[in-house]
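Next come two complexes, and both contain chain A; in the first it sits with chain B, in the second with chain C.
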Partner chain A sequence: MTVLNPTILRLSAQALLGRRRGLVLMLIPGLVLVLAVVVRALTEEGVGYDIVSEVGYTLALPIVALLAASAVLGPEIDDGSIVYLIAKPVPRHAVAVSKYVVAWLATVALGAFPLFLAGVVLDASEPGRAVAWGFASLVSGTAYTALFLGLAALTRHAVVIGLLYVLLWEGLLGALLTGIRWLAIGPWGLQVGSAISDAVDEPGTGLTYALLAALVVTAGSVWFAGDRLRSFTLRGDE
Partner chain B sequence: MADPVPSGGGRGPVSGAIYDLGYRPYDGPRNGLGAIAWALFVEGFRNAFGLGRSGRSKVLPFLLLGINLLPVVIIVGVLVFIHLDELPLGYAAYASRTQVLLSIFVAAQAPVLFSRDLRHGTIALYLARPLPSTAYAVARWASLLAATLVFLLTPILALYLGAVLGELDFGEQTAAALKAALLAVLLATGLTGISGLIASVSVRRGFAVVATIAVLLLGNGVVTAVQGISEEQSRPRIGEVAGLFSPYSLYRGAMGALTDERVLTPPTGGGLQAAYFGVMVALALVSLGALLVRYRRLAGR
Partner chain C sequence: MSTIELEAVSRWYGNVVAVNGITMSIGPGVTGLLGPNGAGKSTLIALMSGFLSPSAGSVTLDGTALWRHTEAYRTIGLVPEREISFDYLTGRQFVLANAELHGLPDPGAAAQRALEIVDMVEPAARRIGTYSKGMRQRVKLASALVHDPSVLLLDEPFNGVDPRQRLHLMALLQRFGAEGRTVLFSSHILEEVEQVARQIEVVVSGRHAASGDFGEIRRLMTDRPVQYVVVSSDDRRLASALIGEPSVVAVALRPEIGGRRGVDVSVSDLGSFAVQLPRLARDCGVRLLELTPTDESLESVFAYLVGR
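Moving on, here comes the complex of A and B:
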């Protein structure tokens, strides 16, 4: 059994980068990078690293992952054309994995890599810090994309639920209730980053837990997405 | 309607007439444009909270409204139990602190009002009635504005009631609450215009939601970062000007100018303070204008 299906990869990439959605996907990391370049040009090295952590890591990265994950699955479920796809003799898990790979590549290229670049731009003297942020966003971007893909397969309101998760659970509540770090993707990535460079604050879940949790969420969500496609029922608009 | 066949007048069949089935036409009063627009407004306002829609669509707006009111209960509780002599969180600062909830509410409910008719083509049915496209757009805009205002003003009102019943200084509290209400109206018009415009351009629901969030929160994040850096570098002027470029930083700047709430790089100088209010009004008017243009173009198709 092949896990990846080239046709689905191609179609998903088209859905992802086609027209306005691709433009917005590029604009978000573009904004972060432009900001980093402008700040670096006007101030000395190392000023404004908050751009990477506050703007890039907590906002831009999850939004890019959410856009990418919902783009590869959302529209097809929305307009019902997913039935033509799953009527083909392609294993449903292969459909889910193929779609995940495309969304993941987009998240890495447009979410994690720009953060690394922004880090290098802001503080070229300390590349380790930028590498740490790059790996942190790689880990959390991987898990975010999978989680949002699972949500997209679960419900039509995946985008709103994903936003609630990121902004309310991880953002507002995560700042107040520190115990949420055990159940939030962002801190797991930070934990990995802090293992690479001390400049990244350690949330304190332990590296093993963080990696394991990210792995479980990723594998579980992608498997769940495939499973939902296996037992897919088409529902009307509410 | 012109009657092309020999009319039977609805009284008994006439041989050969296949058009006039004898149904009684409507000859009651016909309501004008105002009544149609009002009905559309009320229906849209109810729909924004999921009323008149399925049970599942009520969950999100009321969940958000509930979470938005939760801090009020806690604040008022703290206020009366330990007898503070002022509110621990000001009226105007409240919306700023809960901007994530507000953004999700506006971003998620704008497509309900603006995208669905476009996606399902029902817009053609509305525009087939004696209702100009601009009236449709204004009615939708007003629905979303009213819903946003409910979201923004309910906590202010609840805080105010708590403060007054807790016997804080009446005049002071009233003035502060009225200022917050004014700021809330300014913020709501901007948010409504932006989210409505995005939802009417992007028909895919999920995409419109994320795009709105990106504009509102990412824009705010970028501006806040710039303001933080400019304050750190003791060049607050840059931050003050940067604040003009996102709805929430505009709100914060206006709040800093109008109240004694502490914010990052509040606008200093009469000209810049006036610019904050001016840009807020301009943002509301321009986005509404763009919405009207968008719907006029749709109607022309």
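Moving on, here comes the complex of A and C:
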């Protein structure tokens, strides 16, 4: 198998779950779900759906993707210990793809799936709405994870830059300038969700553009991460 | 049998030159890469292990350029200076993962064999986080040995390792060299390099300062002019006698400090000076009180080699 390396998959999963970051990663979807259950218990069906659309989709999901993507690659590049994994006859692109797959699984399990669950909890009468949000999260989570993996391969400040991207670019500027929908991952996922259920507002990029853009960002970022690993440079302490 | 060739290799970072026009050939046997800290040893090892692209020149393993060539790691085993930070793995898990990444047919057996070589079978069940520096060093070595490489590159392998484990490591390197592997390790301690390496390459300030077997290097380092301060019962008299000696290059009286003067002596041939000084003092009836070398630091030895 040349695209995926089982050893890298296993070690990345251990790196993800074996450190404190793993706990934070589980805390975020846990909070969203607890919030959903509490709000549902106190209000009518479908009232607190903002938890999915505002808190979950625009904040929890990208942050889960950011933490997962940076956890599988960031620490090893920062402290240089990745050299032990890549001083091997394993194509560096396979290392990048394997790390991506682990981070992607984490994003799906701890980012997209909990949003679907929260949707079901908040409005059990309309499961199509939850499914739409689930698919929206799946699409944008896929692209977020790849983008942040590329970022982690590029700079040791990946977490800060990733947060700035989520909060400033997609959050603040995205709310002010509608044109940003063409260059932001969140709206592409929403576009897919809106194709499934009318309950998701359509950002207006068109389904084809949204899917294509998500695909390009995903493939391009993972390829970029692999290329950065191919040029990984060992710098001595001297 | 493998050979690493460096052909007029330079590497610079912006305005800083880390390695400057180095040509050397590292063949089978143990080679010591000797130089003070910051001389470019780690940069050279990064170049030889394909983890740095040369700014000029070429670095090849048996004729194939190393940069961006992952297949080379079938031949190379690398022990970086960098610590292993896989604290959440046991020693065995780590070595086993290395064996798997090499795609070995029986990674379990290969890991066991490598752990046996470095004498780490028993502690291998514990997490790396609990290891001492010496144990980490040996696990690093095991991970580099797991695929039975014909080239072994080690960056400062003896740093922070206790004396007993140091001897064990040295014996291992000598054994690998005797088996016909190309072994290169870096160190800033001459005695360390002498004990293990047949061939020594000296690097100072990014330049290739000297090359040869340890006898040649030792001679280069001891045959240089050496400065001493001699304090005696009659400095002026001793000074006048010293200048008559062929091994003495220069003599100067020191300014008097606290009633003691002393003589600065420059010596070209350390061996004969050591024999002649007591005889000379006895002949002119001067009592020697102190003899102190003033520039025995390794840096001054290296500086001399570069200026040569």
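The definition used in the following text is that the second predicted complex is superposed on the first by the 231 of 238 C-alpha atoms of A that agree within 3 Å, B and C clash if a C-alpha of one lies under 4 Å from a C-alpha of the other, contacts with A are read in each partner's own complex, and residues count from 1 in each chain.
Everything that follows uses one rule, which is that a contact is a pair of C-beta atoms (placed from the backbone, for glycine too) under 8 Å apart; a residue touches a chain by one contact, two chains touch by 3 or more.
What you are looking at is a predicted structure, and each value in this text was computed from that prediction instead of being measured.
Engineer: Should the pairing of chain B and chain C on chain A count as a clash or a fit in the superposition?
Structural biologist: fit
Engineer: How many degrees apart are chain B and chain C as seen from chain A, counting from C-alpha centres and rounding to the nearest 10?
Structural biologist: Computed angle, apex chain A: 70 degrees.
Engineer: Output check: A:216 vs chain B and chain C. Expected answer is one of first, second, both, neither. What do you get?
Structural biologist: neither
Engineer: For A:207, select first, second, both or neither according to whether it touches chain B, chain C, the two together, or no partner.
Structural biologist: neither
Engineer: Of the two partner chains, chain B (first) and chain C (second), which one does A:81 touch, if any: first, second, both, or neither?
Structural biologist: Touch status of A:81: second partner only.
Engineer: One more residue to check, A:90. First (chain B), second (chain C), both or neither?
Structural biologist: Second partner only, chain C.
Engineer: Between chain B (first) and chain C (second), which, if any, makes contact with A:11: first, second, both or neither?
Structural biologist: The answer is second: A:11 touches chain C but not chain B.
Engineer: With the two structures laid over each other on chain A, which partner does A:233 touch: chain B (first), chain C (second), both, or neither?
Structural biologist: The second partner, chain C, only.
Engineer: Using the superposition on chain A described above, determine whether A:3 touches chain B (first), chain C (second), both, or neither.
Structural biologist: Neither chain B nor chain C is touched by A:3.
Engineer: Who does A:175 touch here: chain B (first), chain C (second), both, or neither?
Structural biologist: In the superposition, A:175 touches no partner, neither chain B nor chain C.
Engineer: Quick check: superposed on A, how many Å separate the nearest Cα atoms of chain B and chain C?
Structural biologist: Here the least C-alpha separation of chain B and chain C stands at 5 Å.
Engineer: Where on chain A do the contacts with chain B and the contacts with chain C coincide?
Structural biologist: Shared contact residues on chain A (touching chain B in one complex, chain C in the other): 75, 237-238.
Engineer: Okay, in this complex, where on chain C does chain A touch?
Structural biologist: 37-43, 45-46, 49-53, 68, 70-74, 76, 78, 80-86, 88-89, 94, 97-98, 100-103, 143, 155
Engineer: Going by the contact rule at the top, pick out the chain A residues touching chain B in the complex.
Structural biologist: By the definition above, chain A touches chain B via 20-21, 24, 27-28, 31-32, 35, 39, 43, 47-48, 50-51, 54-55, 59-60, 63, 66-67, 70-71, 74-75, 78, 157-160, 163-164, 167-168, 171-172, 237-238.
Engineer: How about chain B: which of its residues touch chain A in the complex?
Structural biologist: 53-54, 56-57, 60, 67, 100-101, 103-104, 107-108, 116, 120, 202, 204-207, 209-211, 213-214, 217-218, 221-222, 224-226, 228-229, 232-233
Engineer: Please give the residue numbers of chain A that touch chain C in the complex, ascending.
Structural biologist: Per the stated touch rule, the residues are 5-8, 10-11, 14-15, 18-19, 75-76, 79-81, 83-92, 230-238.
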